[in-house]
Amino acid sequence: MRYEVDWSILARPELAALLIDGVRYTMIVAAVSTGVSLVLGTALAIARVSGSGWLRWPAELWVNLARHIPGVFWVLFFYFAFPELLPATWGSALNGWTSFALAAGIVALSVDNATYVSDIVRTGALAIPRGEWEAARCCGLSPWQQWTCCLIPVTLRTVTPPLANRTIHNFKNSSLCMVIAVPELTWATQQIESLTFRGIEATLVATLFYVTVALALGVWARRLERGGYRHWRGAGAVWRRERGELARVDSRR
Amino acid sequence: MPVRRPLSSLFALALAACSLPAAVADSVLDRVRESGVVRIGTGNDTPPMSYIDESGRWVGFDIELGNALADRLKAKVERVAVNNKTRIALLANGQIDMTVSNRSQTRSREEQVDYASPPYLWTAKIFYAKQGRFAGIGELAGKRIGVNQGSNAFTAAAQEIARYGGEAPQVVSFQKNAEGMTALRQGKIDAFCQDSPIIAALAGDTGGSFAAVGTGFSPGLYGIGVPPNDSKWRDAVSFALQDLIKDGTYERIYLAWFGPAGRYPLALDARPRLPPDAFGAMMYVWPD
Amino acid sequence: MVELISVTKRFGERTVLADVSLAVQSGEVAIVCGPSGSGKSTLLRTLNRLETIDAGDIRIDGQSLYRSGLDLRELRAKVGLVFQQCHLFSHLSALANVTMPLVKVKRLGRGEARAQALALFRQFGLERRADAFPDELSGGERQRVAIVRSLALRPKVMLLDEPTSALDWCLRAEVVANVRALASRGIAQLIVTHDLDFACAAGDRFFLLQEGRLREVDNYTLACCAPEALRGLSSVPRGRLQAVAA
């Protein structure tokens, strides 16, 4: 028995449309949930390192609980169980909403990813020299300003590589949404397989897409890590210097 | 095509590795005779056709039919769980010897695999919704219709609704029938479309608040799938099935599941039979 | 202006400040010397509540730091602290280190903040290093940026922790001049230093901190006998003092 790879099926407009739609949904789910989880995770991290026990303990409890819950649980939970927990009218309003599956998937991935983001950001924040925290306090900055003007930008430098990894992970996790019938890319390949019994072509194309986007994210993260964060701040001196050094190292190889 | 060749040979290699047992003997029949084992692909979440009951046993019409066939072929059953999406590929790759898994014969499937003869159950696609919500199929225009991914309801449901005119429905594919029924109960979809015996069982299990919308459409015949281009094996399976029909085993299994006193009584007789006025509604088997 | 009343500070078992009392008036420069690890930095840190004290009270402008309803932000803008290790914001350029608090705390416009910061940079000879990042600055440059960062907020009290440890004699003279200029503007200053020349040139009053106790001394004692005092000789031989006086 021999599988004849037949790329022509991908040229069939109705199947190509499934793939293109799949890419669209995958990008929406991944981008929105990554954005939300970065905000949510950072907030959780701030709560966890904050001095107030009222913030710290609930956040610690939550993170240590959520860390052990598989992502697909959140997906099923927000789609099937969550509306049942709400008052009946709200629940049926959610269930009646045409984009509910998409929304549930995004919320699920956001919650799932936020846990890991909070761990990463917390580690980064704890790695800031204590003196820099104190300097921020001594200048009379409010706690909010301390975070936004000093701690987060400084943390960003150390957390960029692990956050980029996490983002790639979350991007791939978007395929979990297929279990709640969100027509994202993996769902689309399954759909094509069930319509044509030829899954390998579509799956290959989808895999290529996942790999390409993940690689691009990785490259982008490496550029940030190489000091691009200073570039954002308007003064590119160090960035240019580091780039020069890297170029020299490269040319020596 | 220079690009295509390396890829396809790569897959050929991978797939050859998977299908080694089939490649050794020239017919599946020889291998089954030799080893005394037949690998049957069945679903596991599709009552009343094939599912796992509360005590963990495989039960269902397809399970019993498959067991009876294996008996006939004097082989032991090795059960392989398949779903709507994997069953064709597994068969085409020779990883299973037959599927008895509520599979309608279609042209596109016939291009990939072969079917034993005769088909053993007729079905129709049918919409189910909350009782009294829709008066007819025409009202489903523009609504959210759930299907099981891999079922040809995906295409058939939209086509049927289109016949009544109006807006195209939004077809939502779930991975499991049970998830689709939960979504229907919660109002995430407006109707669920599946084969008539299956959806009757699913709806019956959820307590009778669902009812059929309109009548069945897109009739189909369930057939036993076998690997392509192996007529020796296909004949052996066809003969075994026809023997079961002739000696009354098929009848017994049918009545136990779908007869008036069976576990999931069907309103319409689902046995594919010759016209009653001509032949007294007998099932057709090949003459000797 | 600054008043410490019987302040006690412990780290676990260890008492770092024991019953320390001190008062510094507006325009006065108080110098604190003492052996390493004697608690000088800790003393400064209690004054803007980076450390909380275990007993006693601290008043700035007559108001207790431990009264309810104290606005810590306002306090910290009013009491400038220059750290021993500078602690510049590593992600900001030297200039931005100064302008950022001006914009965020004093609510100045960007241009205004920049102008004020650049004026101070010029005064401290930093104008050519304004765009450098902290890890590109020398120790002395860093120290001056830290001083400028505090000064820019126009504090009423300045706390300087070894501000001249990394400066050459020329820059040190600059700092002396600046300290005196601030004093003439009515700013109360508390300066920790090991640099006795600087101490004598800049200070009005002199204190020795050892084993948790703070004791006021005159500048002769400090200049001549600090080494002995720091080594723990409790009384200074009188003859020697007189010899110095003569």
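Labels A, B and C are assigned to the chains in the order they are written; within every chain, residues are numbered from 1.
We take it that a contact is a pair of C-beta atoms (placed from the backbone, for glycine too) under 8 Å apart; a residue touches a chain by one contact, two chains touch by 3 or more.
All values derive from a computational prediction rather than experimental measurement.
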Classify the chain contact graph as line, ring, star, complete or other. line
Counting only C-alpha atoms to place each centre, which chain is farthest from chain B? C
Using only protein Cα atoms, the chain sitting most centrally is A
Take the average of all CA coordinates in chain A, do the same for chain B, and state the distance between these two points in whole angstrom. 39
If you average the Cα atoms of chain A and of chain C to get two centres, how far apart are those centres in Å? 46
Report the inter-chain centroid distance for chain B and chain C in whole angstrom, where each centroid is the mean of the CA atoms. 85
Which chain B residues qualify as touching chain A in the complex? 4, 7-8, 11-12, 15-16, 19, 22-23, 84-85, 88-89, 92-94, 108-109, 112, 144, 146, 149-151, 154-155, 170, 172-175, 179, 182-183, 186-188, 227
Sort out for me which residues of chain A touch chain C in the complex. 129, 131-132, 134-142, 145, 149-150, 153-154, 157, 229-230, 233, 235, 237-238
Report the residues of chain A in contact with chain B in the complex, numbered from low to high. 1-5, 7, 79-80, 83-84, 91-92, 95-96, 98, 100-101, 178-181, 183, 187, 190-191, 193-197, 199-200
What residues on chain C touch chain A, complex-wise? 48, 50, 72-77, 80-81, 83, 85, 87-93, 96, 100-101, 104-105, 131-133, 135-136, 149-150, 153
